[in-house]
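Naming follows writing order (A, B and C), and every chain is counted from residue 1.
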Amino acid sequence: MTITEKTADVPAPRSGEDKSGRLLDVKDLHVEFHTRDGVVKAVNGVNYSVDAGETLAVLGESGSGKSVTAQAIMGILDMPPGKIPQGEIVFRGQDMLKMSGEERRKIRGRKIAMIFQDALSSLNPVLSVGYQLGEMFRVHEGMSRKEAKAKAVELMDRVKIPAAKQRVSDYPHQFSGGMRQRIMIAMALALEPDLIIADEPTTALDVTVQAQVMDLLAELQREYNMGLILITHDLGVVADVADKIAVMYAGRIVETAPVHELYKRPAHPYTRGLLDSIPRLDQKGQELYAIKGLPPNLLKIPSGCAFNPRCPKATDICRTDVPPLVPVTERDGAELVGRGSACHFWKETIHG
Amino acid sequence: MPDLMKTPPADEPEVALAPPSGKAAEAGEVGGARSLWGDAWRDLRRRPLFVVSGLLILLVLLVSAFPGLFTSTDPGSGDLTKNFLGSPNLTHFFQDDWFGYDRQGRSIYARVVFGARNSVMVGLGVTLLVTFFGGLVGMLAGYFGGFWDSLLSRITDVFFGIPFLLGAMVVLNAFTDRDVWVITGALAFLGWTQIARVMRGAVITTKHADYVMAAKALGAGTKRILFRHVLPNAVAPVIVVATIALGTYIVAESTLSYLGLGFGSDAVSWGADISDATQDIRNNPHTLIFPAGMLSITVLAFIMLGDAVREALDPKLR
Amino acid sequence: MAEVSKNDEPTDVTPNVTEVEAVDAETPEDAVAVIEAPAERGEPILQVRNLVKHFPLTQGVIVKRQVGAVKAVDGISFDLYQGETLGIVGESGCGKSTVAKLLMTLEQATAGEVFYKGQDITKLSGRALKAVRRNIQMVFQDPYTSLNPRMTVGDIIGEPFEIHPEVAPKGDRRRKVQELLDVVGLNPEYINRYPHQFSGGQRQRIGIARGLALNPEIIICDEPVSALDVSVQAQVINLMEKLQDEFNLSYLFIAHDLSIVRHISDRVGVMYLGKMAEIGSDEQIYDHPTHPYTQALLSAVPVPDPEAREGRERIILTGDVPSPANPPSGCRFRTRCWKAQDRCAEEIPLLAIPERFVGKDTPAAHESACHFAEEKDVVHAA
């Protein structure tokens, strides 16, 4: 078939375009939702950045604002009720929040793509997988049906779906969970974006399949030198693939650190509590450490540090002053690159 | 089920509501045992939607029950010479000429008052019958599934295939003496399928819920599972459909009357009056506006009530 | 069209689902399990023998014809002792949740027996079944769907008393409900609140209180913490451990999270495609696994410690779990196994102590259903 030959060289990284450097800069982002019960402050001043080829893991529990931030970056927030009262989302030097709807649409899918948790509901059940994969090429690049289908087969090969040629006309329900998630990844990759946002990409999968999918994602990221934002609640998954981690709590980043550092020496009581509260596979402890209390109600975020009602170290200052995200240093003041903590007592937390 | 249409029982332990702080959640912390219906009622009383629709319905029911309280004029007697198509006199509250006169010189106000009973009885009667029997069929089919579902669903499909009005015309044609009961029966006979289908669907989704499983695991019997767990969680769509349908039944009655298959010429009903009015709409719209307006207001009130009750029965929406 | 049973497995699909008596032991698994019962534990409180659940696949609208069966559970045997926690792990579709439903008699077993204190509960119905249910209770996975949204917490926790009025006299129930709320760490004043007013962790506590109400001896926990936030999981696990000590409960703890299962379990069973692959004490399974599936499963678990991670061997399985409607012949794991040989396709490996370890005093000497069982530590860094 000539078509396959013709497209064979396409997956090589595009040349002539700057693929390095700062991709995304989120600055002081706020997102709120106006509901019947009041204003839900989902994101309260988030800063993070991603470079090309870098993996940032955003770690948080439900309600921490990790997914809302991602949706704001993608521009897929429901507005209203959602509102972005403040902040910038700078993609390759341009603030996306100031762009027109048309400009943003051009970036979405082409430059920034997203992978969702639930692959089954993200795929249209009545269209074949090949058609849905090819849609990108027909819509964005004006390819013919035949060309688009060939591209779809190729993409399925890239994400290692066995017998791609035979399966290209199958429907989503005919694939297993892991295969569907691969299809989602293929879809995100289709236009070779600069940045991929993966929102809990393996949460719905079994452990043995999780590992396959995470490996694939990491491999493709290296190959295309993409930026990757990995949103997850699973400290284990993060440990495998991330370069740096941002821990979120109640719509704020409470700690940032390179991945190894975070696990070795957490600088925020919340991170420490989380690490202590997960049972370990390789050792059997006595009682688990449990962070007391409940995740905060975003309608009534506690004053001061949002974590103060659950924190074992909280004092009066924690109940009144919001701790800013400050750089974390060694005991002797030596700089720790990329580390920050939003705790009044980070020194005590990290240095014991 | 029929009692869904009623306002919930008023078994409120008033004591509980002492703290004036206002927060519903806090107020709920103390006090005696509560029931879903008790809580719903407490919640309903605070809803303007419910209060307005409730008052309207109360008024309509009062008019239907005691028309004599509102007018002493005979709706059947008219003075052609004096009142032929007389215009309404909107400041003459509760007087014969308030809404004007019709082509036979009869007081439209008196006819609206006396017509309420037949229309409301048909509307309410059909809705109650349909909700009860349709709901029962849907519930049994949905809950027990298998053979019973196949059987009941096929029967439902057969009835569903009969055009509602055409079917009613055929049935009513067989009766010469068509009173409220005959018309109600005929409409209910043909109208239950919609509720049955809605109920069946709702029951099927509910019966697979984990809390139903949990109740089974505790050893709960079928009756408890049906009435404590499945039904309360499946009624919401039924209530909505039933209240909307109530309006259509009143309208259906008027259509049948218009076609000469509803109430006889000597009976008073909004439907019959609306159909009579059609010949005078262009020059004397008041002959249509008042009976039709009453009809619309009544239908709207029931729909609003249905909405309010549905929301009150869902603790999540409170 | 498809025949009744396509696969070459020697399972006898019982012709009639309701008739469960006439099934004789198809494998000697149960015999082995009985022998292995550790003496010091005394009599098991729950004995599961050759439990089978096949969901028939039918075709046709009016006349339903069986064209096959999803073999969700296909011959499982194990014991549960008083006061212990038996963890069951496996991936989705391995049949672990079906086991829970079978033990709760929420599903009718196709074959096999479940003995509670010597009485086969799969054959009970009516009053006798209701009496047994008092002693075996369940905690569900999803705290958002397992509580009736239209009932108050008091009604939910009090419902067991209404169903079994002999447990608590009427006037006493409200106090009992409040006691239960207190036991699971909720404010007893919350009795009139509705489930949606609580967070996930609190709701799971309500579910646990409901399970405790009848003073059961056994609680079957089907993924009780997997729907909860990480910081709340630990609270609920600690609560469950506390309650176990307090009320001498036996837990059957079903989960896919191997770390949590290790933490809470005394013994662990690993399921794959409706069969038990390996079963043993937590140390035997986690530190000395002999079944390749267990090894792969353990090695795939992400460990929240990048340094421990680097020294560990990772076994990444290829492919997905095959469909339980048409499982592979012989060993069910052979399609993904790196050790598979011809023998694996022909012969079903039995769940027994592997020959090479029989009689040896080693932690590897525990039941494992593999022809080529050998020990391999995949959890600890090399």
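Heads up, the rule we're going with is that a contact is a pair of C-beta atoms (placed from the backbone, for glycine too) under 8 Å apart; a residue touches a chain by one contact, two chains touch by 3 or more.
Every value quoted in this text rests on a predicted model; they were computed, and no experiment measured them.
If each chain is drawn as a node and touching chains are joined, the picture is a simple open line.
When C-beta pairs in contact are tallied for every pair of chains, the largest tally goes to A-C.
Ranked by distance of CA centroids from chain A, the top chain is B. Each chain gets a centre from the mean of its Cα atoms; for chain B and chain C, those two points are 50 Å apart. Rounded to whole angstrom units, the spacing between the C-alpha centres of chain A and chain C is 33. By the touch criterion given at the top, residues 16, 25, 28-31, 33-34, 36, 39, 150, 209-211, 213-221, 224, 228-229, 232-233, 313-316 of chain B touch chain C in their complex. Against chain A, the residues of chain C that register as touching in their complex are 91-92, 199-202, 229-235, 237-238, 241, 256, 258-260, 262-264, 282-283, 286, 296-298, 300-309, 314, 316-321, 379-381.
Those residues of chain C lying in contact with chain B across their complex are 62, 104, 106, 129-130, 133-134, 137-138, 140-142, 145-152, 154, 159-160, 162-164, 174, 189-190, 192-194, 196-197, 207, 210, 214. Those residues of chain A that touch chain C in the shared complex are 61-62, 162, 176-179, 206-212, 215, 233-240, 259-260, 263-264, 273-275, 277-282, 284-285, 287-292, 294-295, 310.
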